[in-house]
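By written order: A, B, C, D, E and F. Residues from 1 in each chain.
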Amino acid sequence: MIEYEDASAEVRTVFDDIRATRKTEYINNFWKALAHDPATLRRIWDSLKEVMAPGALDPLTKELIYLAVSATNQCAYCMASHSASARKKGMTDAMFGELMAVVGMANQTNALAAGYRVQIDECFR
Amino acid sequence: MIEYEDASAEVRTVFDDIRATRKTEYINNFWKALAHDPATLRRIWDSLKEVMAPGALDPLTKELIYLAVSATNQCAYCMASHSASARKKGMTDAMFGELMAVVGMANQTNALAAGYRVQIDECFR
Amino acid sequence: MIEYEDASAEVRTVFDDIRATRKTEYINNFWKALAHDPATLRRIWDSLKEVMAPGALDPLTKELIYLAVSATNQCAYCMASHSASARKKGMTDAMFGELMAVVGMANQTNALAAGYRVQIDECFR
Amino acid sequence: MIEYEDASAEVRTVFDDIRATRKTEYINNFWKALAHDPATLRRIWDSLKEVMAPGALDPLTKELIYLAVSATNQCAYCMASHSASARKKGMTDAMFGELMAVVGMANQTNALAAGYRVQIDECFR
Amino acid sequence: MIEYEDASAEVRTVFDDIRATRKTEYINNFWKALAHDPATLRRIWDSLKEVMAPGALDPLTKELIYLAVSATNQCAYCMASHSASARKKGMTDAMFGELMAVVGMANQTNALAAGYRVQIDECFR
Amino acid sequence: MIEYEDASAEVRTVFDDIRATRKTEYINNFWKALAHDPATLRRIWDSLKEVMAPGALDPLTKELIYLAVSATNQCAYCMASHSASARKKGMTDAMFGELMAVVGMANQTNALAAGYRVQIDECFR
């Protein structure tokens, strides 16, 4: 992992933007790891900032979607870091409970649809 | 697939509840396929009805989460049927676009976190 | 896909063994596709024959396990071909129904365990 | 995690049923984590109890299927807890070895079927 | 899908760049689908162009990696489109065969490592 | 895990071949775990040796493909052990960075292709 103190100017520019955007001094390990590849660090950060910004969906809904994907993929790091972000943006215990209930059900019915080889209804095409 | 006309009383009870809950005569193929196993049909329907009901999260947000899981799992049937449900509950083109943008990003960063073997930050434990 | 008539001697040897082992003239598309790479065709067939042979687990149980993986991975081809094999080895409708019920549940609880970041119990280590 | 002593009456009812059904005082971490959302705790437990009960498939076969899904999904928690359950229900070392051999093969051929884009044989439709 | 003729100026700019970069008039369906969300179309295209450009890895190796991920995820569309790109960049039948052999093996050993719950060797940390 | 000292003759034969092939005394934990099932140990090792040998693709390219699958599947063990193998075969930091960038992009576009339900272009069939 690359700390701010040891970072190149290119990496520092991204780290500075992360700090300014998130209003915190803390840079989490994901970015320090990506800093080994400054081009990817910049590209992923720029994309993430654009994608997670408020738009037709609010930032909290976006975090819930992020968590849904991360639980499905068994990504322990992403669950940990985005649970923290989601809490900061207003996710309550009850919301997290319902999120997980939906994620669990969807993973279940996805497997059932594949197992039963269900054909797509004409009206859904 | 088992049609209403050929269904047992046990299956018809579930089909009737699907119709009443969704306010439509249409029973989609997923339920007709599950009807081969009435116990599973009933259990999945009861669970789904409970999980997708309004609560701390509204029904549209729950559909977006469902779609996030289904795209991640490459489940074509679930994308088709739940896109239709989400549209009915108010998902616009712009919302779908942002949903997909977040799902794409999350799948990307999930793989990056695994690939770089990022350790979970102390503050996220 | 490579048909028996157009196959090299190396490929025909494998095709002959598939026919003899399965007691059928039919070679399914999977093997005809792999025939483009004779080394892989032979390796996969030899491995599969060894793995699916009766042992501590009976051949039907092995087919059920195969289907469990294939539904989880959304592999339509493998569901189609191994459903046929499982039926031939004695899988009934009731067995398939219960198989799918377990597969659905396991996919659900796998996602929940990841989502809740459940620590492994000391006694399970 | 919520311990029995700190649990609400609703949660205790489920915990008591887990203890009675499994004939052990031990409540594993999965249920203590789900206890944060009593509705999900009850729903998942009731579903699991129904799905894993003996039927057309015996309880040990069901545990093997559970493990097949969990290894495929890389769910470390579920491998740990269901390996213990499977052992209790009679899984021997030889059975586990063959289970893993089938799971490995199925994951391999699933990827090959997708990679070679194998069309489903007419006779398997 | 949005055709060039019906596209907004913003979308046309991306389509023009795709044509110029790839030296072909053909715009494939993926981009026409993304065109419903011009911001995502531009972001994904810009990222893809940057990521797939020659660097420490040559463009053909990058296509092979793309195919490895797509077969693992069972993404039929991505296998189809990136097989075509890989062929154009020099992938032979023999290379494709070996690629698939490695992808199959890796999916197998990934599942085995999870199933046997193999601890990471001290020397690999 | 089974150490060389405690291994049967059958297992030692494989361990000896691993040592000779890899030109190192070290046997990693994966093989020590598989040693509980000597038939699988031998089969997986023989297959892996054949698949990873130089051919139309060089050994380093094969390791990169292995890593691409392992990051996609969130297999921590396989990332750790095959990162080490890839480094030994010549993977530089820059190559690893580009590998991860492609893997991240592919996982992103795989999910987008599924989410937008993109039809395969006629010319790619």
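Quick note on the criterion: a contact is a pair of C-beta atoms (placed from the backbone, for glycine too) under 8 Å apart; a residue touches a chain by one contact, two chains touch by 3 or more.
Fair warning: this is a prediction, and the values are worked out from it, not measured in the lab.
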Chains contacting each of subunit A and subunit B, listed by label: C, D, E, F
Any chain that touches subunit E and subunit C: A, B, D, F
Interface residue identity across copies subunit B, subunit C - same or different by half: different
Angle, in degrees to the nearest 5, of the Cα rotation that carries subunit B onto subunit E: 120
Selected from A-F, C-E or E-F, interface repeating A-B by over half of its contact pairs: E-F
Inter-centroid spacing, subunit F versus subunit B (mean Cα positions, whole Å): 34
Whole-Å gap separating subunit A and subunit E, where each centre is the average of the chain's CA atoms: 21
Sequence positions of subunit F contacting 2 or more other chains: 36, 39-40, 43-44, 47, 51, 69-70, 72-76, 80, 83, 94, 97-101, 103-105, 107-112, 114, 116
Pairwise touch network: line, ring, star, complete, or other: complete
Subunit A contact footprint on subunit F (complex, rising order): 74, 93-94, 96-98, 100-101, 104, 111
Parts of subunit D lying in touch with subunit A, wherever the complex brings them together: 36-37, 39-40, 43-44, 69, 73-75
For the subunit F and subunit C complex, residues of the former touching the latter: 39, 43, 47, 50-51
Contact set on subunit A toward subunit C in their complex: 67, 70-72, 74-76, 79-80, 83, 99-100, 103-105, 107-112, 114-117
Residue ranges of subunit F touching subunit E (in the complex, touch as defined): 26, 28-30, 33-34, 36, 40, 44, 47-48, 51-52, 55-57, 61-62, 64-66, 68-70, 72-73, 75-78, 80-81, 83-84, 92, 94-95, 97-99, 101-110, 112-114, 116, 118-121, 123-125
